[in-house]
Amino acid sequence: MKISIVGATGYTGAELLRILASHPAAEVLYITSESQPGTDINEVYPHLTRFYNKTLASLADLDKIAIESDVIFIGLPHGHAMEVGRKATAANPNIRIIDLGADYRFKNHDVYEQWYKVPHTHKEAQAVYGLTELNRSQVREAAIVGNPGCYTTASILALAPLVQHKLIDLTSIIVDAKSGVSGAGRSLSLGSHFTEVFESVKAYNVAGHRHTPEIEAVLGELAGEELVISFTPHLIPMPRGILSTCYARLKEGVSPEKVDEAYDSMYGSEYFIRLLGRGGYPATKNTRGTNFCDLGWHIDKRTGRVIAIAAIDNLVKGAAGQAIQNMNVMFKMEERTGLDNAPLYP
Amino acid sequence: MKISIVGATGYTGAELLRILASHPAAEVLYITSESQPGTDINEVYPHLTRFYNKTLASLADLDKIAIESDVIFIGLPHGHAMEVGRKATAANPNIRIIDLGADYRFKNHDVYEQWYKVPHTHKEAQAVYGLTELNRSQVREAAIVGNPGCYTTASILALAPLVQHKLIDLTSIIVDAKSGVSGAGRSLSLGSHFTEVFESVKAYNVAGHRHTPEIEAVLGELAGEELVISFTPHLIPMPRGILSTCYARLKEGVSPEKVDEAYDSMYGSEYFIRLLGRGGYPATKNTRGTNFCDLGWHIDKRTGRVIAIAAIDNLVKGAAGQAIQNMNVMFKMEERTGLDNAPLYP
Amino acid sequence: MKISIVGATGYTGAELLRILASHPAAEVLYITSESQPGTDINEVYPHLTRFYNKTLASLADLDKIAIESDVIFIGLPHGHAMEVGRKATAANPNIRIIDLGADYRFKNHDVYEQWYKVPHTHKEAQAVYGLTELNRSQVREAAIVGNPGCYTTASILALAPLVQHKLIDLTSIIVDAKSGVSGAGRSLSLGSHFTEVFESVKAYNVAGHRHTPEIEAVLGELAGEELVISFTPHLIPMPRGILSTCYARLKEGVSPEKVDEAYDSMYGSEYFIRLLGRGGYPATKNTRGTNFCDLGWHIDKRTGRVIAIAAIDNLVKGAAGQAIQNMNVMFKMEERTGLDNAPLYP
Amino acid sequence: MKISIVGATGYTGAELLRILASHPAAEVLYITSESQPGTDINEVYPHLTRFYNKTLASLADLDKIAIESDVIFIGLPHGHAMEVGRKATAANPNIRIIDLGADYRFKNHDVYEQWYKVPHTHKEAQAVYGLTELNRSQVREAAIVGNPGCYTTASILALAPLVQHKLIDLTSIIVDAKSGVSGAGRSLSLGSHFTEVFESVKAYNVAGHRHTPEIEAVLGELAGEELVISFTPHLIPMPRGILSTCYARLKEGVSPEKVDEAYDSMYGSEYFIRLLGRGGYPATKNTRGTNFCDLGWHIDKRTGRVIAIAAIDNLVKGAAGQAIQNMNVMFKMEERTGLDNAPLYP
């Protein structure tokens, strides 16, 4: 399978390259970078030495790239991917596209334009939302997959059984999420400066983070009605990992066993979802470097709430890993191909 | 002022010693340790070299300690402090006691016994809850102060203005708290082992942490009615700092300005509370090594919730610093004496 | 290939299990623990969930284990492995043994007994020192391999070309090494307590670390004469990684090109050694989770010294990875089988 | 005492402000920044809230600043401080200047120009090198003090007794130093990006770091002859702290007691130097946030070397703290004024 990566020098691109290096069916054809075209990838990322002998190409060659590739991963900032999607599809109608940004995540383009402040320029695309465990059959046939955000993957996976089985009050959902710093990318900023981040934790973008409408859209679809949630992201002094702690009020009369059943029935046969059960405590470290999502849930009898907790590696299940999981599905391969490694612990 | 510290070798004790070393009116008389009596304190804590020439005493000498001291800080595990309190008071009726554990925090001893699983043996003590900003005048006259827990300090300070001014639905309070590892103390455990904690975040004691009833009791008193909250602590890979992210539903018609006023009127003249205002983002690092509590709050119009965030250093405002703040109040000194240093940043 | 791991619950054992989970020819048969026999491995190491369904066995079953296994990895403290080696060999003369401790590393048992303070009880064993790149042909035929220490692997790989090509003054060798905390194992100690290690660096065991005689023995053999070195280990606040900074005085007239040639000729065709060349700066992070050793060297013209720097992951090339590399060699498999993954970065 | 800080927004400037906030005789008059003039300092450094109500001034007002100030601290990049020094001295001949950069550190301007690649433009200045413990009496009278580099402070303090007492072979000195990331400053760079630094250690500037000639000059003066050393700095994943591990060959017949005496006689009465003695292991954490330098030394009998180890906080004893120590000396105050706090531990 011939693979190209457009926008390969961010952490998401590097993570795609890391995983694809061990994928038995993957042949990486082109990798592009608009900031450093012509540079050897091993110069940008010395850790990849031994795995790629490639010079960074540029979007100027997109037509050629699209024609020669079976699948393109896009690792560009939002607003840019849809242009690439449109042109690549035009150049090669058989191309499969997996976008790791936000451009193809929303069915409702108004929501996209409202939160992302740019006009959507590829509305005719038949894009599918790539949260594999929820949308597997659609992903299989999709020409374009909008790969989910990191926070959204963890948060939706934690809440989906509760919503789908109608166990919770939909007006009561609160997601308090904690993320490592790699989510902020490789671009320099004071907020990602080592000495500023170290031994500190803080919230950011309260009531305004763009993953909020994404979570709402997917959960709303599962619920069959619109809903709003409170979502608060926090920055944690570590590179990888997301923990989503999700709160909701249980409906009257919902027993703990009902909650257990919801998780078991929805995820019991999912390889990449490891159920720690009621009372379980997921830790991000147990998922480091893997495509696993660890899930635990708790019933607070005194308050009538359920607290569901999900842990993922934001760069794997929250980005590159799930993208490759989707690719495996799209190309009818065993879903865990290239993704079946144990976590790096400790 | 002659000061003794009973249970001085935990992190709370070491932090008392650190701060008292710069306190102009403090004379540290005895420091005790049941695990290492007879040892030089500089051997236990080499960083204190130059500040103390003291050998660790033992509780066997409690009578003498109580008689010679003006004030005793207790840094023992819960269940042990009340015995010390009883005996020290008997030996010296004028002694002032500040307990950094839970034994003297609860007016309702039933709640204490239910959550801490030990009988209370000093119920006749007229103990005062030492959240200085809320209880200053009572602290001034108190013989015994129950110094608040670290999580509780941050959480109560964040929520008190909303509760006191009756701005929120009392059934809707959720506190999602994040703490550094020093809160777990210096005792060895796999959960505090460097390689296990590093690059990981997880929740613990969901719906069961003992700081829950403490927060409920204090907020309930402010509200004039009983209430229950959801409280979830998380372990963050850093030694110091607590961030409490608090969620509540605003009552119908409460304007953002009303919320601002509640914070301003309650804390506007408090030195140790730095109001970052509506939209502000406290970061634990900005409080490192100090007695400050930084507060910010946010209104989520879409969901009708207020999100209030507090950052403290768990060992200072969350333990030793507030204890010394209370001591200053009890002995009619300027409240910030010995506590007026700038944070260690970065 | 049927594999058993004796002493599987330390970090080295866990790392063997992590790597073997992706090794196509490996079948893990027994894993033992004397501290937790009968426990499910996933309870000890939740991150391994999905990879092993095994209960921990005990050394009481060593005979059975030896008879059914093709190879045994030993992850026990020094002094214990040689007993296991002796008994396993007696039970199954065809067994291959790879010991990750010190018991089989020394040809000269006097040196072992002097530094490790225990009598050697399996002197008749024909053990081979398992630094694969130096001893490959001997490893291939070995019944018992003494797998090198973590510091020694990095330090010897950095210095071997200089010694073998007789480019340096043998009396001038100084190794200043920096290690992550996982090298201290999973046993609890104040020195591995999170809050103690964090934001601190210090040396330990100056002039007395047990990896010193191991480095000396191997380099001495390469040199054809005895030598002593200064070796100083340091503890770095991170879990994984070793950086060895090695100093030596160049012999009169040795040109920089001569030095380059020594590295190229010795390692030019070694897959797991990545030469960063003269002026190169290895970083431990670039090797994280892999069996690579990154090497760079520098000539200080002002002082006439060469500074050679090696970076490895102490748990992989410094322990479990090299052990599996040796296993691959011993069983005539492609040497990089199961070890050919890209580093986890960032 | 009226103090101004020119170049106040780097970490060194922020650290000066932190310490001066607790200095009883300090009145901070002007603080300047060329990048953010007109900005409130609390906006740049929110942790300083409560301590300064100041807007950043600019160098355009240097004359006024110099005339109104008793002392100016300069926190500018090398090459810029000497211009400020020249102009400030012209405007106010009584001004005292403490430069935290390199411009005034070298008696031999040729060495400065060779390593720093800029012409020296204030050669007529009678600057004194401000390693307080070595140069106290000169500092007292100095108009301009060149405050030492961070690496140099630790390295010189570790080696000075050995050099002064002629105990070591001067051609054998090697300094292997480890530094936290704050030494690289607040300017953004990939090398200080959180995710790149975390869980990694590497060397940099081998055989070329600019602190090398500074160490050589000072030690050479103590020795009474020129000398060259090997100096290797390393980046450690923590914000603060430097550990210098220094190696040298002992001269024939030098006993361990002779070494002990050298340290005791040179530093026995120095408050800020804490001697851990022969066999002692300084840890950077024990000095965090303080002006202490912890020293330990070891004799390696097998190799005839002495290994001397120094730990400091690079921003305090390695920069702002020593600068204030020098100010205290220059203004005839008790040397530890404003600097006598216990370390922040853990």
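Order as written gives the chain letters A, B, C and D; numbering starts at 1 within each chain.
Rule of thumb we're sticking to: a residue touches a chain if its C-beta (ideal position, glycine included) is under 8 Å from a C-beta of that chain, and two chains touch if they have at least 3 such contacts.
Molecules present, by chain and UniProt name: A, B, C, D = N-acetyl-gamma-glutamyl-phosphate reductase.
Being a predicted model, the structure only gives us computed values, none of them experimental.
Novice: Need the most distant chain from chain A, centre defined as the mean of C-alpha atoms.
Specialist: Taking each chain's C-alpha mean as its centre, the farthest from chain A is D.
Novice: Quick check: more C-beta contact pairs at C-D or at A-C?
Specialist: C-D
Novice: When the centre of a chain is set as the mean of its C-alpha atoms, what distance in Å lies between chain A and chain C?
Specialist: Inter-chain centre distance comes to 37 Å.
Novice: List the centre-to-centre spacing of chain C and chain D in whole Å, with centres computed as mean CA coordinates.
Specialist: Here the centre of chain D sits 39 Å away from the centre of chain C.
Novice: Using the touch rule from the top of the page, what residues of chain A touch 2 or more other chains?
Specialist: If we look for residues of chain A contacting two or more partner chains, we find 11, 180, 182, 195-196, 198-199, 237-240, 283, 285-286, 288, 346.
Novice: Considering only which chains touch which, how would you classify the arrangement: line, ring, star, complete or other?
Specialist: Chain contacts: complete, every pair touches.
Novice: Using the touch definition up top, name the residues of chain A that touch chain B in the complex.
Specialist: My answer: residues 174, 176, 178, 180, 195-196, 198-204, 206-207, 228-230, 232, 234, 236-241, 243, 245, 247, 281-286, 288, 298-303, 305, 307, 309, 311, 346.
Novice: Which stretch or stretches of chain D touch chain B in the complex?
Specialist: Listed in rising order, the residues of chain D that touch chain B are 11, 14, 17-18, 21-22, 45-51, 182, 198-199, 239-240, 271, 274, 276, 283, 285-289, 292, 340-346.
Novice: Spell out the residues on chain C that touch chain B in their complex, using ranges where they run on.
Specialist: Result: residues 11, 180-182, 186, 188-190, 192-199, 237-239 of chain C touch chain B.
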